[in-house]
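Next come two complexes built around chain A: one with chain B, the other with chain C.
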Partner chain A sequence: MPKGKVVVDRERCKGCGLCVAVCPFGVLDLSKDYNSSGYAVVTAVHPEACTGCALCAQTCPDVAIEVYREKAAAGTPTRGAGRP
Partner chain B sequence: MAERQLMTGNEAMAEAAIRAGLRAYFGYPITPQNEVLEYMAAHLPQAGGAFLQAESEVAAINMCYGAAAAGVRAMTSSSSPGVSLKMEGISYLAGADLPCVILNAARGGPGLGNIAPAQGDYFQATKGGGHGDYRLIVLAPSTGQEAAELAGLAFDLSDRYRVPALILADGMLGQMMEPVTLPPPRDPGTLPPKPWALTGAKGREPNLIASFALEPTVLREINVKRYARYREIEAREVRWEEVATEDAEVLLIAYGTMGRIAKTVVRRGRERGVKVGLLRPITLWPFPYAPIRTLAERVKAILTVELSAGQMWEDVRLAVEGRTATPFYGELGGVVPTPSDILQEVLRYA
Partner chain C sequence: MPEAETMVKVFARPTSLNEKHFTYCPGCDHGLITRLVAGAIDKLGVQERTVFIAPVGCAVFAYEWFRCDGIQASHGRAAAVATGLKRANPDLVVISYQGDGDLAAIGTAETIHAANRGEAITVIFVNNQIYGMTGGQMAPTTLPGQRATSCPEGRDVATMGHPLPVAEMIATLAAPAYVTRQSLHDPRHVAQAAKAIEKALRYQVEGKGYSLVEILATCPTGWRMPPAVAHQHVADVVTGAFPLGDLVDRG
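Coming up: the complex of A and B.
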């Protein structure tokens, strides 16, 4: 499985939970960490399960998520949902 | 020249207000309406208007009083606790017959409450809130598109009747991103003239704007005239939407965010063969008493659903006057029920 990492812009997040609902691997959940507007910011509770598919980032209406993908080692074919 | 944009409800109302000819906005930050302030700060000066972050909500509403008296389309926005602070100023605007638009992106209460969507400000919006015998025109959008449309309408109605208009939204509507088709911008110079405004009394008698008349018979006369305008508004400006009411046996009544959720309830109920319909008030004042009364003659029950302990419910019962059962279902504290929660309730009366 490809590996991914999500970075949430905590001040942009409004805690709507759409990304939580859309992640196929249960990576994300709302935290008890409130941003300066008072919204419960989303966080990666199971970061090890993230594949870097970026569904969460595409779903977030407020463009609050960036997804980074681990570069495949030389010679390893890219597979699954990970696009170069 | 219609333009479609993806924006939050707050941004949609702000942009629609600017396009409606708003040229003076005064606000103070509070979640969940900050996007209105931010949008105004970025865009109103470009349209030739004045944006000012006031030192408090009280200052902001009184700045609106001044701008409105000068004949400018003026607006302020806040969320529940901030709107409470504005209530004195709102009563003064009403007493001085000044048009103004106030947006309340309401949140859970009372007190500081929380920032989740709630409808606990219905009484405050429709039954006073400030002191004295007055009314506000109260508009309750349920989508981003409707929010943009009602923001424009609020200015037109407020100017026409010289009655302040309040848009009662909530945290969900304000924060939700949706595609919105925006109206074309209007040039404030083309709006109907305001001969009563304080524009410098060159070549005419001075105008006086005040909410003060020491002599009781004089104050009575002013109030009686204002009430004649209220009666006209009640006769001409009631707005509501009906969904699947023709053969409905259970009628839902819900506004704003709940009105939107109730639409889903109607769709799902109908898929299961439940004869459920919806009447969604768009104006909370004037309230759609007459259409509710008409439907009360032929439905088995009218179920009011609100994000409150039952505030609009009182107006529904005033409309129904015992013609049919009037149960209530509500959630409190910023908790939003799901369509299935409400459908369960509907099934109790179907």
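Coming up: the complex of A and C.
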């Protein structure tokens, strides 16, 4: 059971890849799935590795990522996490 | 949804932002700065009395994304518009959001005099060292040797001048309450920039006066670099030319 979960809004995502570069656990990658604007959107290729640290969301310029964490883990701050 | 029972949301969209999509290019830091400004408005609980002033440039429609009032100023005149708004309605929280072409070229006079008068406004200065909207021309902040469509051989300081150090210039004045330069090239710096924007807004709310937050931003399209490479370029090169940190804090 992963500690965290990322939800990418595929219509907001522009496939810039900043979240892919910043994720410490290789959770995200660009897909071959194109949104209605023609951008190859980011997807969680290794969702099991997600800790819910939210570095991806902190970096996303289009506010396309929401992050969830396990209730038990949510109380313990991860580096950079939880800042809206 | 099963996640609802075991998972809690730890990162959500700021409530000061509406649902409209940003119109910026992929990987552009403007979107990130917009989100940080909205986060600061949320934290201070001033959404109902905030007026967001958009510049001319890529951020010309920036007021479209906030759940607060907005005005789009003539090119470079955002600080003058902000002055009028704030003087007529001192209870408003007035944010002037400007790029380098707007603030540091055509709007230099308004910028310097608003700062020198200590107008109680918050200026967010997006320094991406290029004119983005018009096609990547040289800006006052373009680095020596940096190529742009109007200096294809690179900026030659002998004929085109040196990059304009806006934060340092404003910091020489007596009135400003807070002048800082921030960057967004990694999550640690994003968090620091968020704190700086929040402090600048808080100083306005507390009546401490003028603040300017210069933010080193990327223009992946104008720079012709992938977004992650552009962030690395900020870390390796741009922060060398434009040092980070607080220059004035009279809070």
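In the analysis below, the second predicted complex is superposed on the first by the 70 of 84 C-alpha atoms of A that agree within 3 Å, B and C clash if a C-alpha of one lies under 4 Å from a C-alpha of the other, contacts with A are read in each partner's own complex, and residues count from 1 in each chain.
Keep in mind that, in the parts below, contacts are C-beta pairs under 8 Å (C-beta built on N, C-alpha and C of every residue); 3 or more make two chains touch, one makes a residue touch a chain.
Given the structure is predicted, the values throughout are model-derived calculations rather than measurements.
In the overlay built on the shared chain, the residue A:16 is in contact with chain B and with chain C. Of the two partner chains placed by the overlay, only chain C lies in contact with A:68; chain B stays clear of it. Touched residues of chain A were counted for both chain B and chain C, and C has more of them.
Legend: residue contacts after superposition of the two complexes on their common chain; A:39 is shown touching both chain B and chain C.
In the superposition on chain A, the residues of chain A contacted by chain B and by chain C overlap at 14, 16, 39, 61-62. Interface residues of chain A, counted against chain B in their complex, comprise 14, 16, 37-39, 61-62.
For chain C in complex with chain A, the touching residues are 3, 6-14, 17, 21-22, 24-32, 35, 39, 42-43, 186-188, 190-191, 194, 220, 226-228, 231. Contact residues of chain B toward chain A in the complex are 6, 31-32, 34, 114-115, 175-177. Chain A meets chain C in the complex at residues 4-5, 11-12, 14-18, 20-22, 39, 52, 54-55, 57-63, 65-71, 74, 79-84.
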